[in-house]
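Below you'll find the structures, each written out as structure tokens.
Two complexes come next, and they have one chain in common, subunit A, joined by subunit B in the first and subunit C in the second.
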Partner chain A sequence: MNKSRNFLYGSLLLLPAAVLLWTFTYQPVLATIYNSFFTTPKGRRPSVFIGADHYTRMIEDPVFWQALTNNILYAAVTIPASMGLALAMALFVNSRMSGQGLVRMAYFTPTVLPMVAVANIWLFFYAPSYGPVDQLLGLIGLGHNNLLGTPSTALWSLIVITIWKEAGFFMIFYLAALQQISPTLIEAARLEGASPWQIFRRVTAPLIMPTTLFVLVNALIGAFRLVDHVIALTKGGPDNSTTLLLFYIYETGFQYWDTSYAAALTVFLLAVLALIALFQFGYLDRKVHYR
Partner chain B sequence: MDISVSHLVKDWGTSRAVDDISFAAEKGQFIALLGPSGCGKSTTLRLIAGLDDATSGTIAIGDRDVTRLMPAKRGLSMVFQSYALFPHLTAAENILFGLSVRGFSKGEQQAKLKLTADMLGLEHLLDRRPSQMSGGQQQRVALGRALIAETSVCLLDEPLSNLDAKLRAGMRTEIRSLQKRLGITMLYVTHDQTEAMSMADQVILMNGGRIEQAGSPTDLYEKPASVFAARFIGTPPMNVLDLAKVEGGMGLPGSMRLLAAQTSGELQLGIRPEHIHLSDDGEPAVVQASEYFGADTILTCCIGPQSLQVRLPGRAGVSEGAAIRLGWSPTALQFFDRSTGLRRDDVTVFKNP
Partner chain C sequence: MTSVSTPKAGIITTLGAWLLAFIWISPLLFAFWAAFHPATGASSFDLFAPLTLENFSQVLAAAPFPRYFLNTFLLVSLILACQLVVCTLAAYAFVCFPFRGSGILFMLVLIQLMIMPEILLVENYRTLANLGLRDTILGMGLPYLASAFGIFLFRQTFKSIPKELEEAARLEGANAFQILMRVFVPLAKPTYIAFGLVTVSYHWNNFLWPLVVTNSVETRPTTVGLQVFATVEQGVDWARVTAATLLSVAPLLVAFILFQRQFVQSFMRAGIR
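Entry: the complex of A and B
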């Protein structure tokens, strides 16, 4: 009697969250998978079942492959660079110095700015001839570039913006982790004769490993999730050189209105993200020491 | 001299934590730095370890001036109050941390680890992480990490304060016997006078950043240099009572009995609770409280306006509110100057006819 009542209360307490999760997460996921096996309904033609046709089309779609390679390159460069920079900045502002608060705030500012505002700032930075970046390049004789308008440099320009914006965000997590480490541990290591580098490698780094993992997963998901700057700056161009997966999905779904193919692309992206999550929980979690 | 500290000063901004401290420890001695919290004993230890920089003064270890050297170059090891074990490393890795960063070969490391683990009874704990060990086990690992380096000086910062009372008593004897067996010089910070008295060859009692008294445990107990030392050592501590002028000398207020054959200045009388006994022709007193501890009983009594504690063997059989008479041997009396708080050895004890 008591047990079943407990079960009832428990279920009722879980219900609101369950309803929200179902409506906005699981139901759309299932609908997306379902829709990816049908054609896009047009005015007179209702959608028909086509099996895995969208997936075979994906394999033959050069733009999809371009978006995927772009995205992998984008992730492979932005993640280590922004995490490394974040850790370096956190170590720097964690040390005792004057003006510490000001430096911390300065590092964090790019993160609080909305991406569209950031895009506008960088649009000016990257402007050919009069933009500061091009002027600096001009000093070393490499001026007159349209950095965002040239296929070979456009993606790298976006990569720089992303690193600049994400590093400050990740720094906050690293800073919090560093401040959790008891100063006595560092003192003990110093007393035992460890050099600053040894202290970092053998004490600090292992102790902030849980944070590194957390930041890594966040960065990975972010690398596949962030499109604001693509939309605001390049719209995937020139010649698809800055098309990332999510931007391609957005373009297919809401520019060309090929929603079923967009659904198939989404399923692929979901699979990638699910793999990342599995990698985290299945493998990395066991290698990390949690206090 | 294995450790010698002279005119050591440490300022934190405007406040002075360590104020002109000098002392020396011979090789193989066990020195206790004793004092209440905030007296500067831990700061002194950190200065010797090199974890903080001295404002002025010098520190020498083994005849070598180390005042400006890095902690690792001073040739000492340390046990921290919180143990400071690395939580991500096993006991063995924690103990070997120093040898490993100093580049000892794997073979040497394992040989030394075996010796240290045997000595401290740690063999079965070597694979465990700090979170999988009890406080006492962590304490042993921390001790192992300090001892494996085989430095001649070992600093200990309140190493037993996080252990329960029973374990603490056991560790006290163990640390002391290890120190004697290995012949190392230990500098031991504690606020617990029982630890200092029972373990140390020399106790340095600190108060307000200065050394109040330095000497053997017997010196501190039998000849406290000041009222502070008298009241800090002993459980219960020494009774310190104000004296008033009486006809022909000084005595307790409200009593006609002469205690000191001295008429000038203001004096305080010190007497240990265990040196007082019940006596038929003694000083009249009223019992205020009685605490029974089995082997002895502590009575809190009033003589005139002042209260004092008396330790009587076994059950005293005196109830609260009872009127008793207290006596003592004249040699048990000690005198202090009331204005300076310092010991006065020039006072003549008045011998009753």
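Entry: the complex of A and C
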């Protein structure tokens, strides 16, 4: 009796969420996989089943490989850098000092701005010759660069922007973790004669490990999800040196209107995200026993 | 926010913190400086160049930013209102009406934490076109109306509410809906505020999906409007691009500075799982 009541009420309450999630998450995942095995319908030509052709094309597509290596480099640099800075910021803000509120605000403000706005501010900074960054480089004799227009520097310019924007966001999670640590633990370690570094290494660091892994997973997802600055600043150029995976999907789907190939690329991106999920649920949850 | 027992920072730590804070905020300070000075001054930095509001008035004359703000406001309100309702109902179901298979359903919900709607933009665009909702504010918000993050967060909060309160309300004759509205929702208020701030700033800043879906002044949110404006102006007039950028972030920035503590605490609350 209670069981059937639970089922009736439960399913009615879940219905709106279920319909929305089905329509815009599960159904599109299935449709993406399905469509990746067909040609893109053009005009009156319907789509035709072509098996794994899109996937062999993907393996032979130099732009796809470039996008993947760019994305890996982008993640490999932005994630450790912004997480390290975030931890430093959190440690700074968590200690008592004058102007603490202002300092925290300075760290956190870039986070509340839209990436497009951030990109447009930095576009000015990176302007050749008269942009502030190039003028600074000029002071040490390295001026007159088109930082966003040169393949060797363009991706790095985007990496700097991302670190600037994300570090303050990750700081918040570290700050929350630091404030959960019982002061008696720190006090006990200090009474034992531990140096500040030893306290960090032996007490603080292990206790914020779950946060580090939580932030890591969020940062990984973010590195594959956020491409607003690519669209605003470089459109993937020059020579695809700033093309990231999601940007390539966007370009293939909405600039070239090759939606089936875009579907195949999306399947690849979904596989990457699934790997991150497996890493999180399988490996991390077992390793981190503090949760 | 800091406990009393935290030791006072040394001079080196304080200087380090301040130096990093200065580096971090300087791009914004510089942007402010550039936006309030004539275009010629923006390239040659002179601290005492005359201030002007010229850039802002030119931007407002050239692009319909007030309309973009309205669109963003409508979009964010729609998403927030629906998310609160949909996620509350779902979380309530998971906590108070468990049935065979609801655990699996919850795991399925969590998938959306990984796969956000913008990853599936090609397929979602097709769905929206089939529904005839391209270039509408409803269409722009639709994929986000159910949030796995919200369901997760509310479920955690509801689970922490003592069963006795629910029992007491039931004994007094409250039905399921009354229990939700009089016991669970009021007690979860801090979580609602936290979720609200996080979701508002997320959707105020969202860009890729609105860029794909919108095509007209009547629907474009501020982020897309700014990009359209900047694409035309790029390389022509930096002061105007910077002014437009600051204009577009002004409401959120002002709100953030006014309610800084709540923002930071809300983000912290939403982050602790």
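We take it that the second predicted complex is superposed on the first by the 287 of 291 C-alpha atoms of A that agree within 3 Å, B and C clash if a C-alpha of one lies under 4 Å from a C-alpha of the other, contacts with A are read in each partner's own complex, and residues count from 1 in each chain.
Basically, contacts are C-beta pairs under 8 Å (C-beta built on N, C-alpha and C of every residue); 3 or more make two chains touch, one makes a residue touch a chain.
Just so it is clear, the structure is predicted and the values come from calculations on it, not from any experiment.
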First (subunit B), second (subunit C), both or neither touched by A:L14: second
First, second, both or neither for A:A232, with subunit B first and subunit C second: second
Touched partner set for A:P41, first subunit B, second subunit C, both or neither: neither
Which of subunit B and subunit C A:R202 touches, first, second, both or neither: first
First, second, both or neither for A:E187, with subunit B first and subunit C second: both
Partner chain(s) touched by A:G138 [first = subunit B, second = subunit C, both, neither]: neither
Subunit A residues touched - subunit C or subunit B, whichever exceeds: C
Residues of subunit A at both interfaces, subunit B in one complex, subunit C in the other: 187
Of subunit A, residues touching subunit C in the complex: 3, 5-7, 9-11, 13-14, 16-18, 20-21, 23-29, 31-32, 35, 85, 88-89, 92-110, 112-117, 120-125, 127, 130, 132, 135, 164, 167-169, 172-173, 175-176, 179-180, 183, 186-187, 214, 221, 224-225, 227-228, 231-232, 246, 249-250, 253-254, 259, 262-263, 266, 269-270, 273-274, 276-277
Contact footprint of subunit A on subunit B as seen in their complex: 49-51, 70-72, 76-78, 80, 82, 84, 86-88, 97-98, 101-102, 131, 145, 149
Residue numbers on subunit C that touch subunit A, as the complex places them: 1-3, 5-9, 13-14, 16-18, 20-22, 24-25, 27-28, 30-31, 34, 42-45, 85-87, 89-90, 92-94, 97-100, 102, 105, 108-109, 111-112, 114-127, 142-143, 145-146, 148, 151, 176, 201, 204-208, 211-212, 222-224, 226-227, 230, 234, 238, 241-242, 244-245, 248-249, 252-253, 256-257, 260, 263-264, 267-269, 271-273
Sites on subunit A touched by subunit B in the complex: 182, 184-185, 187-195, 198, 202-203, 206-207, 209, 289, 291
